[in-house]
Each structure stands twice: as C-alpha cells, then as structure tokens.
Amino acid sequence: MQNIGIEQISLAVGFILLLIGIWGMLSQKNILKIIVSFTIFETGLNVILVVIGYIRNKTAPILDTTELQTNTAEKIVDPIPQALVLTSIVIGLGVTALLLVYALKMHKEKKSLLINDYKDTKW
Amino acid sequence: MVDPIYIVAVLLGISFSLGFIGKKSENIAGILSLLALGFTTLVSAQWFYNFVTADIETYHIFTTAFKPPFSINLMMGKEEALFTMMINAIGLFGGLYMFDRLKAAGKNSFIALLMLIMGLNVVVMTRDLFNLFVFLEISSIAVAGLIVLTQNTKSISAGFKFMIATGIISGLLLLGIAFIYNYAGSLNIDHILTQNLEAAKGLSIAIFFLMIAIVLEMKPFPANGWGLDVYSSAESGVSSLLSSAYATATVFVLMKLLPFAPENLQFLIAAIGIITFVFSNLMGMRQDNPNRMLGYSSISQIGLLAAVIGISSVIGEYTYFIVISILISHFLAKSGLFWIAGIVKQESIKNWSVLRSNKLLLVLFGVFIFALTGLPPFPGFFGKWELVMHLAETKNFIWIFAVLIGSFFEVVYMFRWLGYAVKNDIIIETKLKAKIHQIIPLLLFAAAAFGAGYYVSSEHPYASLINYLPLAVALGFAFIEFLPVFIKNTLAIAAMAAYFYFNYESYNELQVIFAAIFIIGGILTLIAGYAYKGKRQGFYPFALMMFAGLIGLVEATTTLEFFFAWELMTIGSYFLILRGKKSIKHALSYILFSIGGAYLILAGFGLAAIGKPDISIGILSNIELYAPWIFGLLAIGFMTKTASIGLHIWLPGAHAEAEADVSPMVSAILLKAGVFGLIMLFLAMGEQFIGNISFAYILSWVGVITALMGNMMAAFQEDAKRLLAYSSIGALGYVLFGLSLMSHLGWLTAISFSVTHFMFKALLFLAIGGVVWRLKTKDMYKMGGLIKKMPFSFISVLIGIIVLAGVPPLTGFAGKWLFFQAVVEKQWFLQGAVLFFSGIIAFLYCFRLIHSIFLGQPKDEHRNVKEAPFWILVPQYAILMVIMLFSMLPNSLLKPIGDMLMPYFPDGAITWDGQMATTALGYWNGKTVMFIVVGVFAIVFGWLVFMNRNAKKVKQFNIGYAAERPFLPETTHYAFNFFAPYKKAIGFLVAPGITNFWHRVDEGAHSVSDKFTKIYNGNAQSYLIHIVAFILVIYLISFGGF
Amino acid sequence: MIWIIISAVLGVVMITMSVVAIHHKKITIAILSAGGVSLIASILYLLLAAPDVALTEAAIGSGLTTFIFFYVLNKIKKHKHVEE
Amino acid sequence: MDPLIKQILFALLTIFIVLNYGLIVQGIVRKIGARVGRRYGIPFYQPYIDIIKNYSKRTRISHGIMYYIAPVFRLTGGIGLLLFIPVIFGNNMFQNFSFSGDLLLILYFQFFGVLGMALGAAESGHPNSAIGVSRGLSQVTAYELPLTLGVLSLAVQYNTLNVSEIVAAQQGGILNWSFFTNPLASIALLLAFLAAMGRSPFDVVLAPQEIPIGPPTEFHSGFLGVLQLNRAIFPIAKLILFMNLLFGGATNWGELIIKTFFIYMWSVFVGVAFPRFRVDQSVRWYLGVPLIIGVAAVVVSKFF
Amino acid sequence: MLRNSLILILILGLAAIMLSIFVDYTPKEKLGPVAEHYANNGKEEVGAANLVTAVVVTYRGLDTLGEVSILFLSAAIIGFFLKIRNEEHSKNQIVIRYSEILGTGAKILVPIIILLGAYVFINGHLTPGGGFQGGAIIASAFVLMLIALPRPALNHRVLSIIESFSGLSYVIIGLLGVFLAAGFLDNQIMSLGTFGTILSAGAVPVIYILIGLKVGTELTGIIGNLKEIQNEE
C-alpha cells in the first residue's frame, strides 16, 4: 500500500475511461453516443498523459515564487506532458466538432442517427 | 538553398491569409494556394536535385534557439527531399486538377488542401514523436474535410468512418507516445534511439502501440474498411491525394520509426504488409467500381511497401531503392488513374469504353496502368526486380511467392479494366472532354513516370546497361501517329532493317538466327501493313515495342535485360492482340498468362542469382543451388509463351481474333521468343533432374502431348484463323520436343523447324488473313470455291499446307525426317509414335483449310470478291520463294544450324554430301527427291494433257448429282463439322478440360475474393471492431500472450 | 492519504458518469454526463499539479464541447420536428 | 551408257512390270471376290478394258485446275513411292531411286498423292467427294499409328532406317524374316496394312455402294484412267514395301510376285470375311488392339 | 448478442494490455533528461514563469502552431461543409423566442467575460492559462451572445480578418525568429525582459495573444457556422 498514490489511481481511472470509451464506440448504435464515447476516450487519454508528468509531492511548473526558481528541477512536476495534453485537448475539440458536424449532415441525409443505416459503401 | 522551414511557413501563412480574401474571390484564393504549393514543390525539388547531383549533407532545421532534444527539429535529407517533393507535387497538381471543384466548394477547401500538404511535409521532416502526432492529425482532419467536397450520403458516411477510425488510431498513437516519453523522458526520435533504454514491458507495449498505429494508418488488411470506403466515395482528386500524398507520408513514417520496433515486430509488420498486399489485390479482382478498385490497389501497394520496409533488415541497403521505385510508380500511376477516373465519371469499369472518345486520355490511362503494374520501363519494374532478387538472395521464397501472386492479382483487374476501356463494346454516346487544368497534371505525371523510370534505372548498376534505343524508337512512333500508314510503315521497316544491318555482325550464330526470325520476319509481316488505309493509330508504337522486346531478348547479356525485354515484348504484343475484333477476353488471358509466366521467370532468375556476384545470363550455367527449381520455373515461364499444353488456352483466341498482319506476327514470330528462352535455358543449364527423372524427359512428353492436342483441336475448328492458331500450338509442341531430345539432331530439328514454322505459319496466316479481309468472316463453312476468285492466295495456302504437313518434296519434310532420325537415335519411340500420329492429324486440318475455303462450291454471296490485297500477297510470295529455295537446297538451312550446334552437341551430326544428308540411321537427298517428283509429275501431267487435250471446262455446279441438279451451293459444299466421324471416334480427347480447369481457377479466385470482401460490410462500427481486433491479434502474436 | 481518497472518489464518480454517458437512453443526459466527466477530470488535473491543463479541460473539454454537442443535438431535434 | 539414263530406263521398266502385275492382280482378286460371293465375275483382264475405255471417251470436262491436276498428283504419288522403294534386293538397277531417301521418305511420300487427290476431289464440288475425303483422312490417321510403331520397332531392331539394310538383315533363311524375328511389329504392320489397302472392312472411304466411289466421284474419262493406273501401281508399291519390311524382300521378280501376291491375299481374305466398318468404328478399332500391339512391339524391341 | 460478446472479449483483451502497462508503471521520482533541462534552464532560456507556457510556446512551438492550425482547419472545414448545400434548402425561418432578461444579462456579461479571456491569455506566461484557455473563454462569451440575443451582430468578415491576421502574424513572428534570432519561432526576437513581469519572456506573450485571438475567433466561427445553419432553416 505504501506505493499506491494518486498517480496510480488516476492512471487506472484513465485506462478505465479509455476502455469505456472504446466500448461505447464499438457497441453504441447512436452516432451521437459514439461521439460521446469518443470524448470519454479522449478524456481518458488526457488523464493518462497528465499522470505521466506527475511526480509525487511536487508542485505545478509555474515559477511564481522565488523559492521555486532555484533548484527547480527537484521541485516541480514535468511540464512537458502538460503541454502535450493541452495540445491534445484542443485537437480533441477540433475532431469532436467535426464529428458532430458529420453527424448533423448524416442525419440530414437519412433522418437517422443509427450507425447501421449508413452502409452505402461496402465490399 | 531555401530553408525547408519555408515550406511550412508559406503553406501556413497562405492558408491563414486566405481569411483576408472576400467570399467571392475564390479564384484568387485558388491561385494563391497553387502558387504556394508551387513554391514548396520547387523548394523540395531543389533540395532533391542538390542531393542527387551535389551529394550535399543532410540538413537539420532547428526551431527556436535550442538544439534537440530540447526543441523540435526537422530534417531534410535525400529521402525527405524526395518524399516532400512528391507530396508537394501531388498537392500542386492535385490542386490544379481539382481547381474548379475546390473553387466551387469555397476558399476554405483550399485551406484544407494546403493544410493537408503542410501537415504531411512536417510528418515527413519532423524528428519529434509528438510533433509527428500533431501533424498527422492535421493531415487526417484535412482529408476528412476534403472527403466531403462532394456531399452525398456515401461520402459523408465514409468521412465519418474515416474520422472515427483515425480517431481511435491516433488515440492509440498518442498512448504509445505518452508511454515512450514515460520511459525515455524525451520525445526526440534520435535522442530516444541513442539512449540505452532498459527493456520494460510497458516500453515495449508503448512501442507496439506506436508502430501499430502507424501500420493502421497504412490501412492493413483486414482493418481497412474505412479507408476503402473513402477511396470509393470521395472525389477522385481527393482519393488521389489520400492514396499518393497521405500514403507516401505514412510509408516514410514507417521507415523513420522502424528502428523503434524490435526485430520480431518488424517481421510482423512485414507479414501484415504482405498479407495486405495479397488480399487487397485478391479482393480488388471482384471490384466493378473504378475508385474502389483503385482503393484496393492503393492499399495493396502500401502494404507491399510496408512489407519491404519491415524486412529491410533482411534486404539491406537496397531497401531504399526498392521502396522508392515501387512508391514512385504507385504515386504517379495512382494519382493519374484517380484523376482519369474523375474525368470519366463512370461507376462501372465496364462503361469505360467511353474513354475511347478521348484518345489522349486513353493513352495516358494505358501508361498509368503499365506503370502501376510494374512493367518496364517504369520504376516499379526495377523495384519488383530488385525485391525479388533480394528475397531470393536471402532465401525468403514464400515471400517471393506472395509478392508475385499479389502482383498477379493486381494485373488481373488492372488489365481487365484496360481491356474494357480499349475494347468493350458498350457504347456510351458522350464525348469525354477534359479541361486543360485536368490534362496538364495528367500529362506531367505520365511524363514523370517515364522520367522516373529512367532515373531509377540509372541508379541501378545493371539497369543502366539496358539498351533503350529500340524502345525509344518505338515510343517515337507514338508522336508521329498523325502520319498515314504508308509513311509510318516505311519508316518502321527502315528502322528495323537498319537496326539489323548495323548490329547483326556482333551476334553469334544463334543470335543471328533468332534475330533474323524476329527482324526479317517482322519486316516481311510489316510489308502486309501497306494494305491498310488511313492512319492505323495505335499499331506502330506497339508493333515496334514488341520487336524491340524481341531483339532485346536476343541481345540480352544480363538476366535483367532479358526480363526487361521479355516484359516489353509482352506489352507490345498485348496491344497488338487487343486490336483484334472481340479481343477483350483473349487479350486479357494472353496478358495474364504472359505476366504469370514472366513472374515465374523472374522468380527463376532470382533463385539463379543466389550467391552470384552479378546477374549476367552466364550465371545460369553455373548453378549450385536449387537447380531443378530454377530450371522448372524458367521452363514453365518460357512455355507460357510457347503455349504448351495446359498453358495454351490464351493462344487460339488471341491469334485468331488479331488483324490480318498481326496474326502472323504473334503466331509466327512472337512464339519463338519462348523457343529462344528455352534454348538459352537448355544451353546454360543442360539436363536437370527431379529425383531420377530428367526434366527433358518430362518436357518431351509435354511437347508431344501439346503437339497432339494442338493438332487435334485444330482439326475440329470451324474458324480458319483459330485452326491455324491451334496448329501453332501443335507446332510449338514439336519444337519443345525437339529441344528436349538434347541431341544434335533434336536441336537441329527444333531450330530448323522454328524457321520453317515461321515461314509456313506466316504464309498461311497472311493468306487466310487476306481471305478474311475480303470475306469478313472467319468461318470456313461460310466460304468455299474461292480458288477462282483468289488464285494467288490459294497457291500460298497450298504450298503452306504441304510444308506444314511435311510432305516431300517441300522443306517441311526436312523437319519430319530429322525428327524421326532424332527420335530413333534417342530411342524415345512412344513419343515418336504420338508425334507421328499428330503429324498425320495435321493432314486433317490442312485439307480442311484448303478444301473448305478454296475448293468445293462457291457461295452466291461471294460472287464478287476480289483477290486479297496486293500488299498482303507480297510477303507471301517472298516467303514462298524462300521455301522453294530451302526445299531444293536443304543444306543451305540445315548446315549453318548444324555448325552452330557443333560446340554444344558435337556428336550425331548430319554428314552432308552435296544435298545428301546422312545420319547414323538414314539418309535423304532433298534435291533428287525434288527432281524425281517434279520429273514424274511433269511426265504424268504431260500424259494427261495429251489424253485430255480437248477437255472442256464446265461450271462448278455442273456435277453428277444422283440424277438431280443440286439446289444450293450451301447444301452442296460439305464443310461444316467436316470431321464429324473423327470427332465421334476420338473427340473426347479434346474435351475442353484444361479450359475448364482455368475457368474454375478463375471462378474460384473470384469467389474467394467475394467472400473476403464481405467483411467490409459498410458499418463504421464493424470497422472499429476490425481495428481493435487487429490490434489484439497482432499484440498476441507479437508478445505471445498478454 | 486524503488526496488518495479524494482522487479515488473522483475516479469512481468519473467512471460512473462515463458509464451513464454511454448507457443512458436519453442523449441529453449522456452529453451532460460526458461533460461532467470532463469537469471532474479537470479537478483531477488540479490534484495532479496541472492547473494549466485543468483550466483548459474545464473551458474546452467540458464547456465548449458540451455546448457544441447541444447545438448539434438541438439542430437534429429540429430536423425531426420538421419531419413530423 | 550414262548411269543416270540407265537408271531411268530401269525405273521405267519397273513401272511397266508393276503396272501390268497390278492390273492383273486386280482383275484376279475381283474374280476371286465374285466367286466367293457365288457370282461369275469379270474376266481377269477387265482392268485393261476399263482403262482403254476411259481413255477413249469423247466427253471430257474439267472442273478447274486442281481438279485437272489431281490425278497427276495421285499418280505421281504412286510412281514416286514405287521409285523410292528398293524393289529387287541385290540388284542395283532395281533399287531405282531409293538412294534419295530412307524409310521416312517413303512413309511421308505416301501422302503426296493422297493430298493431291483430296484437293482435286474437293474441287470437283461434289459433296460426296468431300465426304469421302473426310472419311479417308480420318482413317489414315488411325492406321498410321500402329504402322509407325511397327516401323519404329523394326528400326530399333535393325538400328537403321535404310530399307535396303533392313532387307539385307533378313537374308539367309526364312526364320530371319522380321515376320518371325519381330512378330509383334509384324502383326501391327499387317493390321495397319489392311486399312492401307483400303479394302473391306476399311473401304468406307470409297464406299462403292453408298456414295459413288468416294473421292473420285466426279472423275471420268482420261482423269479416271490416270487414277486407275495409279490404282494398279500404288497398292503394289505398298505391297513391296511390306514385303521388304517383313518378309525378307525379293531377290528376283518371281519371288517378288509370289510374296506380294500372298500378302495381298491376306487383305483380300480379311475383306471377304468381315463386313465394313464405319469410320469412327475403324478409328476406334485402330486405336485399340493394333495400337497396343504396336506399343508392345516398340517396348519389346527397345528393352529386350 | 454474439456481437456484444465479441466486443466484450475485445475490450477485455485491450484491458489486459492496459493492465500490463499499468503493472509495469512505476511512479516517477525525478524529471526526465529533457524536462530537467527545461526546469533548470527554462527561466534563463525563455524567461516565462509558467514553464508549461515556455514549453508550449517556445520549446515545442511547432506543435502549438500545428494545434492552432488544427482548430483553424476544423473551423474551415465546418465552414464549407455546412455551407455548400445551404442554397438548396428553402429559407423557412423558425422564430425562436428569446428571453429579455437573459438578453440584458448577456449584454452586461459578455464584455466582462471577454476581458477575463484577454487577461488569461495575456498572463499566460506567468500564471496558469494562456492563449487556448483565453480563446475558449472569449468564445464562450460569444456563445452566450448567440444564445441570448435574437440577432447577434456577429460579423463573420471581421472575425475572419482577425483570425487571418493573428494567424499570419504568428507565422511571421516565427519567421522573424529565423532572421533575427536563432531559429523558427524563437522567442528571443524581443528582449526577455524581467522575469515574472508581463513584458517578459520575449515574444511569448505576443504569440499567446495572437493565439488567444485566433482560437477565440476560430471557436466563435465554428459556433457561428452552426448557428447560421440553424437560422436558415
């Protein structure tokens, strides 16, 4: 138990969210639900990314106090994954928005949100 | 040189500035975008040029003030320069091609295009993992946007499938990158690779996710339904971007990231690639929609590249060469084909006959198909060659098989498509018009395909030896297509004559003999071409290409040259055959058998080169490993061209449906290419054994059965040209048998018979071609009594069949006589008897040919036919004179051949005493036989004339007909099913078992193809399941458990 | 220790909400739950010493994304409405 | 005397002897046939009468050039064949022109006349001619197979294709004949010989009853005369060939006449005893038993 | 049902893989080599108090440029995706009732929220937040406007000019780095200033302002496009 910390829990949560997201994408028939699942998948990913940067008992990488400005490397968590997550979130927004517009357009075409109705191209 | 960062900056800057432009100014937006792409293309082209010519050092682009790994850096090396050049070029020309479509969609669509190209540029150049992820994401979003350039249910749902699939894939990619960072503490590729990381399970899984995501981006079978749907439903221009630009970048990424993967994962990737290659091509066979078919083809090509990259550790330094040459072919050809598909706009390839209304597009289409299928002189040819050579060198034989079978499937559907375009009889009454901005990219890419072929071959140590002159002449004829036949024909004859004149002295005897058959024979048949009126477009370039290939075979000093020439000949002849009536099916089976055979030859050459320092033809005579295999592969390969039994089904249709002067070309001349190959093979490798049985012995039976079956089938044909075609099969069986005797006499027979066969078959095909020319029918029972209308043709046919049947005193008997001397000497009596039997059967069809056409009662509708065209008769009589010469003086033909054979087979030669030929067993004097026969004939004839001096000629109809007058010529001319009793007796022997066999193979392949395509059920979720299942399966294979 | 418990609770809530998001029949509830997952994730980020990420997730992940969802949903419903 | 001219004169002599012998044998055989059928039959010199009658006919019509020269082909084939076969063993002059080719030349030269005849018949424009040709060619292919196998077997046995040498090897006693030394080949050859002679049961080609005499239907007068000359020479040439191959040849004309007559009788007896085959039947028959015997002959002579 | 069990098996398989990663994961004790460099030298090299910002804008500036491009691209695609067919549909307007109170509230709130957003991105190099967060906040102000006001005066032209301007400026600043400083996107084209003040970290605040403007206008554009198509039917 000594080693269990917030990072393991968060990592587990991240993985579980990831899996739930994939589960939803694979099993839900409603296109909007699939997109919802996709956002959950993304959230899970982001959580995992942040966890990777986390180091126990260290502060955020913002050097707003002079105390932090010396020997910084021993006092802060890793800023790089955070930067990556930032990017990832924004990308997620772009993709989600586009997916939603796709859903909208698909609904316009067939008046259906069921993914099974969109099998015009196959084989 | 311009810093490559400007590629990124300019593309981004321009796309950002498009917002300044008002709504109505799409033209300006478009032109700006194209200018930007033009600039970037120039930049990367400049780098590439400098890398090639000046051998400069790799250039590193650092962002910000810090060196990697602390900041993102890009790299511009030779590979990067080439890949970005390709990507920028497709961006530029694809944009130009789609200009009006993009314009109609608004300026934002230009943004998507620019972003796509920008993203891919960075993907190629970057050395940072996360940066790679971001720009890959940009590119895939841009593709998702471009997909809906045409908005319909199909494209929108396909775009959705694409987005959701790439969403999961890039999520997993990010997961992999995240954990790689976790273990390595860095995102810089080079930095990570230089660290000695501890082997941790988590790290290997992370690397697995990284690699598998890249592999998934390449759309591996079966997790690629989403990609296929995009290909089949997006705008053609967009599909071309996806196939050429996007896929090119992913190939590069795989190359870049490969060092991450452990050895077993690399092989796994290669296995995935090759499976994708085979299965996508297999499934491509059942496609009817051109775009979807191209999609399958794209996926397969990328799979092949993935395979090559995956086994790069095995192939070694040549990986780059192979990848580049295959990729460039794919890149240029696939873009071109997609673009053409976008102009044609037909949902079914059967309707592509509409392409005929635009000759330029048709030509371009052909060029791209050839480039795609890896035929010379395009770069893919050299790539495939090198690939097979290296796979053989490293003894990966299953891989060779997979590569070749996959390529073969591709050939099947590509050439079916080409056939439909050139010949299908569905008439669509629209004139295809391509806009100038669509034509320019097509023209440039087609030209680039040739240029790339030249470039790639110049990079190759052996390919640079290839003599391109004949090919260049042939292609040159494509530019003078507007001239009338007369001029072009004269030029062609002059070119060939000049080539022979200037080169024949450098040939050895064997080469001279075959060069003479090929070139002098070619000139003779070309003379008949004067009979054609107009321009005869599309004939001369291909005819000359075929002859270029044939002469290339004779001149080849390396196996590569030989194979190059072989393929060239195949292409040329394919088009000649395709020119015929109803040729579509036959041309397809011809090209399939030819290419199948060519692949066997390729594999054989590959095996032969194992452990050899070079690839000269001479290595065949010095084989230690796999000799029987090599022999078998090459022999079967050559036998597809000689149409030996089992591999013959392409021939009758192909030869019969061809034009009057093409039939003799393909039948009398082209088949000899296979003979030449076999001779070369036998000379180099001698006798080979499987177990205790000699290959030669097996081939002797193949030859004998071919002769028997060919002749027997000929006897039952109603179609005159088909009859001759089957007869050619039979004749080549004789040649094969003669060669397999492996003795002086056997070879003398085979080679002299090759010459004789050329003469009589050219004679007969020309004569019958002339008849068909006038009568417009090939069915013999519809002819009859033409001797009075076409006496000159009749004489040709008469002499032709006497030679064919081998009746003394004409030169055909020389062949028969030699055969049996050789058979008795070798003591292969059973074969000899069957051969004799089949020789007798030749009488059946010979008689039928002359009887049904020229003798008997003339038909009413042929009252007014004229003699065959003068120019078709000219070569016939030239040949006739040679036949008479050889008949009188057989040693003028046989002696040189015998002398030529002395070094190889010193024993058992013929001794000549004047015209008296003597062997250990028998003797024959052609001259005295001739004199005796002519003498007796003259006396008897004189006697008859004397007795019947007052004979009176009557009308044909005036016959004693059981006291009745015959009613109609039709009922009086006994010609249909002429050998009915014979058929009743032994017709069962010629039941179309082999044809049925191949039909079943064909159907089988297609139904398997059909089964597999069913996994692509169109449901986005099923595709996701495929992806996840794919990942799991590969994971389990790679890790052997969880 | 307290942080462990808090994070565990947050995690459980997130997982529950995400299951709800996927399995609830009403799409609005699903969207809201997904937004909720995002929102709680941003709290988790704070715990993980990532205020920047937390801010971003809150503003973009739970805010704007949810909003766009509703916009589209609204639009789709209107389609249906027009249909009927 | 110039040896060539001498040779030609002897060749003419050979032809003359064979022609007369052939005509007489023809007459005799027909007489025998009639007697077996309990008819009176023709006089043995009837063939001479026929030929003279044909040449003296007044009406002579031609159907075209091939028609005109077909009999020439036919007779050239017959005479040529005769000239290429060594007739009397040991006599240089009656070797005729056999120096110009071996057994293979002889086998193939048979077809010269056949082909020419077929062409002429075809040009006559009579359907019966064409039918006859169709049947004839079909049957030829069938019996050639055992024939070839037999010949090959002999070639193995004597290791030569030179007819004279084959005959030479059979000298010195009746048991040296191939007929006894190589019985299988002999049977194959003799069976093939039946059809080669064109007699019943293999006479459907001419089929005298149904289709007026097959290929030569339209030939008459002088044309038919030439054909009849050939009909006298050609069978005898074949007989001589078989005699040479199987029965030790002949050292003088008397021996030749006796031997060939008996060989001829073989086909006559079979012909009288068996009814006619249809073409498909005869083809199948030849591809049955005779073929097997032929194969056996080759195998035996090759391996034993 | 078969399908669902298949999916379950797949998910369990994936879960097993994830579990392997999870088991292998050991919490970090110290920073990795690159991060350590940033921590120790970030202050001197970039001059931004917020190290995340330093990484986002400078060290990994190219990523951020890509990120901006993604949003831009999405907005552009949504733009032409939604508009292409608009002309085909009849423009039957559906009148939506708007609340008067909400409208008034919004009118007051919007400027404040915009100010907040501006604050967030201007101080991006000092405090948590930055261009993206600020941009998102600005966008939410416009969202509020869109919901609350019947005919919001959203001028697409102005939006797109701002967007283009900020994007182009970003690229130009990046290129200035090539000319004036050490490389593309180098922030030292301007002096690093005093650490911890607004005018520090060289070009970082400028870039973040541009990003903020750009993200804000892009997100607004996306929503505006969605809104427009709504209005037209």
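Labels A, B, C, D and E are assigned to the chains in the order they are written; within every chain, residues are numbered from 1.
Here, a residue touches a chain if its C-beta (ideal position, glycine included) is under 8 Å from a C-beta of that chain, and two chains touch if they have at least 3 such contacts.
These numbers were taken from a predicted model, which means no experiment stands behind them.
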item	value
Maximum centroid distance from chain C, chain identifier (CA atoms)	D
More contacts between chains, C-E or B-D	B-D
Distance from chain D to chain C - Cα centre to Cα centre, in angstrom	106
Mean-CA-position distance for chain B and chain A (Å)	50
Chain A and chain D: spacing of chain centres that average the CA atoms, whole Å	100
Whole-Å gap between the CA centroids of chain B and chain C	58
Junction residues of chain A - those touching two or more other chains	5, 7, 12, 18, 22-23, 26-27, 53-54, 60-62, 76, 80, 82, 84, 86-87, 89-91, 93-95, 97-98, 101-103, 105
Residues within chain B bordering two or more other chains	130, 134, 137, 141, 144-145, 148, 151, 179, 181-182, 187, 1025, 1028
Where chain C touches two or more other chains at once, by residue number	50-52, 56, 60, 64, 68, 72, 75
Touching pairs - complete list by chain label	A-B, A-C, A-E, B-D, B-E, C-E
Residues on chain A engaged by chain E in the complex (per definition of touch)	3, 5, 7-8, 11-12, 15, 18-19, 22-23, 26-27, 53-56, 60-64, 69, 72-74, 76, 78-80, 82-84, 86-87, 89-91, 93-95, 97-98, 101-102, 105
Complex interface listing, chain D residues touching chain B	55, 60-66, 68-69, 71-73, 75-76, 79-80, 83-84, 97, 99-105, 108-109, 111-112, 114-115, 118-119, 122-127, 130-131, 133-135, 137-138, 140-142, 144-145, 148-149, 152-153, 155-156, 159-162, 212, 217-218, 221-223, 225-226, 278-281, 283-284, 287, 294-295, 298, 302
Interface residues, chain B side, partner chain E - complex	3, 5-6, 8-9, 12-13, 15-20, 22, 61-66, 69-72, 105-106, 108-109, 111-112, 115, 118-119, 122, 126, 128, 130-131, 134-135, 137-138, 141-142, 144-145, 148, 151, 179, 181-182, 184-188, 191, 200-203, 205-206, 1025, 1028-1029, 1031-1032, 1035-1036, 1042
Touching residues (chain side chain C, partner chain A) in the complex	3-4, 7-8, 10-11, 14-15, 18-19, 21-22, 27, 30-31, 34, 37-38, 41, 44-45, 47-53, 56-57, 60-61, 64-65, 68-69, 72-73, 75-76, 79-80, 83
Parts of chain C lying in touch with chain E, wherever the complex brings them together	50-52, 54-56, 59-60, 63-64, 67-68, 71-72, 74-75, 78, 82
